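Look for chain A in each of the two complexes below; its partner is chain B in the first and chain C in the second.
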Partner chain A sequence: GDSWGIFTFLCAALCNLPALPALNCSEELGAGQSIQQTYDLTRYLEHQLRTLAGTYLNYLGPPFNEPDFNPPRLARAERVPSATVDLDLWRGLTDNARLAANYRAYSRLLCYLRVLDGQVGTAELRHRLAHFCASLQGLVLSIGGVMSSLGYPLPAGPAAPPAGPPGVPAAPNDFLKKMDDFWLLKELQTWLWRSAKDFNRLKKKVPPAVVTLRLEARGF
Partner chain B sequence: DSHIQYERVGADVTMKCGSMDWDAAVTWTANGTDIDESHLNGSYLILKNVNLSQSGQYSCYEGSSWHLKYQTNLRVGMPPKEPVLMCRSNNYPKGFYCSWHLPTPTYIPNSFNISVIHGTKDMVCEKDAIPKNRCHIRYIQLFSTVKYKVTLTVTNALGKNFTTLTFDEFAIVKPDPPESVVAKPVPNNPRRLEVSWQNPSSWPDPESFPLKFFLRYRPLILDQWQHVELSDGTSHTITDAYAGKEYIIQVAAKDSDIGTWSDWSVAVHATPWTEEPKHLTTEAQITETTSASTSSFMAPPTTKICDKGAMVGSGAMAVCWTAGLVVAAYSVLFI
Partner chain C sequence: VSPAADPAVISPQDPTLLIGSSLVATCTVSPDFPLKAEDLYWTLNGRRLPAASYATLGPSTLSVALARLNGSRQQSGDNLVCHSRDGGILAGSCLYVGLPPEKPVNITCWSKNMKDLTCKWAPGTEGETFLHTNYTLKYKRRWYGQDNTCQEYHTAGTYSCHIPKDLALFTPYEIWVEASNRLGVAVSDVVMLDILDVVTTDPPSDVHVSRVGDLEDQLSVRWSSPPALKDFLFQAKYQIQYRVEDSSEWKVVDDVGNQTSCRLAGLRPGTVYFVQVRCNPFSIYGSKKAGIWSDWSNPTAASTPRSERVAGGCDPKGGEQNTTLRRELKQFFGWVKKHAYGCSNLGIKLYDQWRVWLQKSHKTRNQV
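Coming up: the complex of A and B.
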């Protein structure tokens, strides 16, 4: 009812990411270096998330903060983009598809995290979440930069709130809301691991030679 | 007719002579040896507080005719204790394997059953032929948020027990140690050792899943290791080796992002390059050698003492070596 409307509004407001600034410097740096930087960012974020998740799960309280907590995945949790992928499919992804999947996933995850930020109780959590969201925004921009420098189009931003199929309502009770939060953090964690592997693969496939050619072309 | 009978250590066992009446006259044998009548209660054989040595073939013969009326193979053993289970992915992202064993023997045959559940799905862990207590699973999906739950049940004639492991895909990643570790001296460099190695052959895709390495080395005479972490590459040059000392070197590997370090590789030994000792026949040549050695990092007195000793004879040589080691140890402390 009301909460659903508020949720939709919040997401729409927070998800209108500003248009990417022209990243001329990334072309000069070279796609190779941007990929390295993006890789380093995912590692940094993964490290940050460990602390954030620990604090947040404690805030949610048991059973969410128990190490053995292993709940089944409810249908509603499918709203959050999953990093899980068929092994052969993942191997066969083109560079463009690989980058786009990362870009889309983090854009949506960022959106959800921002909504979370508006709702949490303690000041410490708000501070941590805000810091993490800022870093995550940096990651999204970094991925966008790599895509641009390689000449790939950016995936369309989440113009409509990423609420999934219209039939899925906001959490009707406190426990399910906490479950949503739990899965959000889990998926974020898994995405950061996956990204490290995605960018490793990209590092090998995009040698600095690509950049040299481009610079020479501009010289003519 | 003959069958197998399993009993617990410490139990009291009563064996009946087949369908013979209680008051029938019978003789029992254990592995062919007659059993004293004191163990009989009528025609029943009573074994109190059985132990492992009492396992064997028990036969019951009718008193007068010496017909074999009953035979059983007694196996004394124990119900299984909680098994030890370990799961590991040394071939990420292909899959993982689980291996198990019992902490204490049961002395009787055991059967193992392993089940793997991933979320709501049951997965089949294919048993390995060798080693026996091992099975492997191939990943269908990668980067899973749902944990794997592995349950191992061990059953024998006297009881059963089980254990469960729950883990995330990334948590069990542990490569095998690096292979073909080679350490060589570097010509004309008395403080260097060149170490090279290869990715473990079980790691299927080092291109997309690069490994990072940890090198440790120490001279045999010291206990403390020196460590170097390498984010890529399969070689490293040690530049601070103590001249003339034999080194022991090991390497470990880890996926660059997830999981844990491998065990240490097989240790290799190497000694840095040392200048060839020249033949000493005259005093003049001793002075030459001494001045040449001062340019090396080691304390010159070591060389001087030994050279002089070489002139005098084998007895003095022993003294020379001891003195040399003492000075070496002393100078090492100062480096």
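Coming up: the complex of A and C.
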């Protein structure tokens, strides 16, 4: 289970970086195959998130880990990019816009998650978070790879500093920070649900190239 | 449009408290909000607090009294929340309730091949877990040098740290552990040691166990001294432990000096044994002090020989076939001779002749 997922995302990530010599991927790897891999990655992350969120919300304690918990989304929580969008708007997205929205969202979510990693208390949680961040990084790379193979430019934006995206103040107290963390996980979950649909849609529009996925993955 | 201000403010915000202490918290609704004190209620970790503990301090301020607090349910703090009548969250405060840390104890350290130092310790008493406790291992050279802080934690269990380099030999070090949490700091006793006193090494390599000729009760064990310490002046002490394959009881051979071979005797014939060897870098630089035993080498297996005695095997010469039956027949015929008159020709020789005839007739039958 776990090792297959890691293998998939690593291949997806590394195969789409043409400069990487260590992994010998067949050049016939078409956009269609990458989209499938990206889709698989979102499903894998969704699965991982369920465990991570469960552990994290237990760490925050009740009421955060109660199933019907629905706190207000305060002003500061708006900074996390929202996955929910009008249905017609979503249908009408161009491939470029669709991919770009995903790329931007996960890049930002990754930043926030990394900040979390630095502050969290227990060793088990830090370990799970680190693992999840690595997988999420793989997803961002994978989406970037799909965009490049389709000829789209990657959305602009410098790599965020470790302290988190600039211009966003940290939560002023510990309780508000817990609420921010709750919404971060919720939004991550919603995005992964949405991405599965996004990539399903893209799969249908971009026919998979007739390829055999030949991978000489060394060291796995 | 989301409101810019928070709906309410709780005081104290995120306090740290000793177990057993009491607390009075207040929730003040922001003037932008049309809520009054009687529209509010409190929960702690999701459970509603009894109205009897509330007090109205002002038109939009409600307080709650919490007595004899237990240790925090989770290390991220207990969630004390001020709600509006419909259940909505107006504000929250995280309560950190626990005890100050105890002195860490039982600091033990070891150095692998004099290159590094790993230390482990135990939290004082049971280790208080209501509050997150940070452990820092510090060390310095006695009489001079500043305090250094160990950076690589959890290398040999939760309460451990690894110092990978820049360690001097022939000089005593002072080592201690500081435990800190929100309620205070506790410092362990200082341990003093010289790196050379706590040296351990890798287990011996190339452990070979072989038979000693045909001897049924002996095995010969051979190994190489650990290569990492070959440049340093030391004598090694070795220990061997062995056990029978299906037993969990190890026998230890203790007085193996500086040799790299040993003969095990008094073993059971025809038995598989598992053997392990470990090393102690005794007397580093002539110090005459024992070091720390290495881990045991991976078990090596060998079996003692068993002498070949055929019990009732198939002997084509025809004489030894089924010795038990032959013996019994001999006894029977002997008895017949004594007690039965006549049949004096009946004997074991007749039986043998019958068997020879039986084999001959089998052969002719098969040749057809």
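Descriptive notes on the structure:
Note that the second predicted complex is superposed on the first by the 169 of 220 C-alpha atoms of A that agree within 3 Å, B and C clash if a C-alpha of one lies under 4 Å from a C-alpha of the other, contacts with A are read in each partner's own complex, and residues count from 1 in each chain.
Quick note on the criterion: a contact is a pair of C-beta atoms (placed from the backbone, for glycine too) under 8 Å apart; a residue touches a chain by one contact, two chains touch by 3 or more.
Keep in mind the model is a prediction, meaning the values are calculated, not measured.
Placing chain B and chain C on a common chain A by superposition gives a fit, with no clash between them. Of the two partner chains placed around the shared chain by superposition, chain B and chain C are both touched by A:R73. In the superposed model, A:A156 makes contact with neither chain B nor chain C. Legend: residue contacts after superposition of the two complexes on their common chain; A:T190 is shown touching chain B, with no touch to chain C.
Of all Cα pairs linking chain B with chain C in the superposition, the shortest spans 11 Å.
Comparing which residues of chain A touch chain B with which touch chain C, the overlap comprises 72-73. Those residues of chain B lying in contact with chain A across their complex are 93, 119-120, 139-147, 149, 166, 170, 207-210, 256-258.
For chain C in complex with chain A, the touching residues are 2-4, 6-7, 10, 13-14, 43, 45-47, 73-79, 81, 88-89, 91-94, 132, 154, 158. Contacts from chain A toward chain C in the complex involve residues 58-64, 66, 71-75, 78, 121-123, 173-176, 178-179. Within the complex formed with chain B, the residues of chain A that make contact are 43, 68, 70, 72-73, 82-87, 90-91, 183, 186-187, 189-191, 193-194, 196-197, 200-201, 204.
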